[in-house]
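In what follows, subunit A forms one complex with subunit B and a second complex with subunit C.
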Partner chain A sequence: MTIKFSDVVVGQELPALDLTFTRADLVAYAHASGDLNPIHQDEEFAKSVGLPDVIAHGMLTMGRAIQVVTNWVGDPTAVIDYSVRMTRPVVVPDTAVGSVVRFTGKVAQINDDGTIQVELGAIFGDVKVLGLAKATVRLAQ
Partner chain B sequence: MGMNHDMIGHVYPPSQPYLVTAEKISAFVKSLGDTNPAYADGTVAPPTFPIVVTMNAMDAAFHDPALQLDYARLVHSDQRFEYVRPIRVGDELTVSASVEEIKPLGTNEIATFKTEVLSGGELVVTGWSKIVVRGPEA
Partner chain C sequence: MTIKFSDVVVGQELPALDLTFTRADLVAYAHASGDLNPIHQDEEFAKSVGLPDVIAHGMLTMGRAIQVVTNWVGDPTAVIDYSVRMTRPVVVPDTAVGSVVRFTGKVAQINDDGTIQVELGAIFGDVKVLGLAKATVRLAQ
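Let's look at the complex of A and B:
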């Protein structure tokens, strides 16, 4: 199923995603992205710089939030602009269950040029971990 | 004592070329936990893949003594990507980083770095990374 530009209305909610962050995920992301900062892997180090525990890479959270859009559209290359503010960290304890973040999306604007703007949300417990998160998406006509 | 405002507008030399392989794309997709079938053959990279090259280019700038940036007090606060086209397997990416803005924010300072990602001389994606450098504790 392809989402068509003409089918979309302002205020429409995209299917939400609950995604789990585990320590193993952070290690995998560190190696795939090249961001080996120990605050994302080493509990002792994270605590020594005043963090409650190891925290997820903000860019991992950003990379997951856009999946709300790309899962909905299907084609990830439809995203033509994407921005976020990393407001709070996702704290990741060393447990099998890890931490769950709820990612949401809502159509905020429909533009004359065939694109739409989606506002994204990312909630960890009751804390907003991303702010000002939005993507511009070109949809099939 | 903060960042050197004379560096606003400074453009750093382009980074060394980074060859995008299917393995690198697949490892990145897997680490995001992204199961979108569009990535199955490793030909097209996800929207946040450019950070792999832009962060390295900015790291070089962050450590430039002329910038007078206290790296230990740096937090990455905002990220934006504007895509001309997606990054694809076979791209040889170079990054040109520049200092777009430095300004005070209370006792902190914020700076925006612009990163232009090119392949074969053509612009692929532009990134903007905003950082906060925390000021001394009161």
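Let's look at the complex of A and C:
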């Protein structure tokens, strides 16, 4: 499926994604990204610096949020710019089920230059983990 | 080392990072992030869609760029917001040495609320891979 610029309307909701964060995901992301800070892997350390538990890397959360857009468009190179506010971290206790974050997206603006602006949401339980999250996306004409 | 708000001046340069992107990094990141699009792993596919070669995930590039800030501050939770423009992709040919990107940062603004704004740069050869990249950071008082 290819989303075309002419098919998009303001207010349109993108398919939401419920994505699970597990401790194993955090370890994999730590090694892939090079961010080995123990707050993302070591529960004892995380608690010693005042966190409720191990937290996900903000960039992992940000990277998953944009998948709402890239999955919908079907082209990861369509994203022109992307910005977020890191409101709250995704806390990842050591459970088999992991922490589920609901990522959402909505078309906020259609621009004359053939791009659109999408507003993204990221809710963990009843906590907003990203704020003011938005991406500009170029769609097929 | 802890960077204190009172120690920072506008124009101050953060230590630059030269980070290497290899094919193996892209495979690791694909699995850690869940973004398995073949343009990041399959040279033949990437070329078939008009790319010069396999390209790094934009979110991997974005994640590495912010390490200029988090390494400098010493606290990954200090980043309040982060935005980039995806100017050009990091092309990753199948070489042992990989593709080296130079990430830079400069203090652009000091805010009354105890935060600062850092402008980030990402140069691959002579190509700017991120544009308008900036982060707001809360420092220790």
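To be clear about the criterion, the second predicted complex is superposed on the first by the 141 of 141 C-alpha atoms of A that agree within 3 Å, B and C clash if a C-alpha of one lies under 4 Å from a C-alpha of the other, contacts with A are read in each partner's own complex, and residues count from 1 in each chain.
Operating definition for what follows: a contact is a pair of C-beta atoms (placed from the backbone, for glycine too) under 8 Å apart; a residue touches a chain by one contact, two chains touch by 3 or more.
Note that the coordinates shown come from a computational prediction; the quantities given were computed from them, not determined experimentally.
In the overlay built on the shared chain, the residue A:39 is in contact with subunit C alone; subunit B does not reach it. In the superposition on chain A, A:64 contacts both subunit B and subunit C.
After overlaying the two complexes on the shared chain, residue contacts for A:29 are found with subunit B and with subunit C alike. By the touch criterion defined above, A:53 reaches neither subunit B nor subunit C.
In the superposition on chain A, A:132 contacts both subunit B and subunit C.
With both structures placed on the common chain, the touch criterion links A:82 to subunit B and to subunit C.
In the superposition on chain A, subunit A positions 19, 25, 28-29, 31-35, 58-60, 62-64, 66-67, 70, 76-77, 79-86, 132 are in contact with subunit B in one complex as well as with subunit C in the other. Against subunit B, in their complex, subunit A makes its touches with residues 19-20, 25, 28-29, 31-35, 58-60, 62-64, 66-67, 70-71, 74-77, 79-86, 132, 135. For subunit C in complex with subunit A, the touching residues are 19, 25, 28-29, 31-35, 37, 39-40, 55, 57-60, 62-64, 66-67, 70, 76-77, 79-86, 89, 132. By the touch rule above, subunit B contacts subunit A in their complex via residues 24, 27-28, 30-34, 36, 38-39, 44, 46-48, 51-52, 55-56, 76-83, 85-86, 128.
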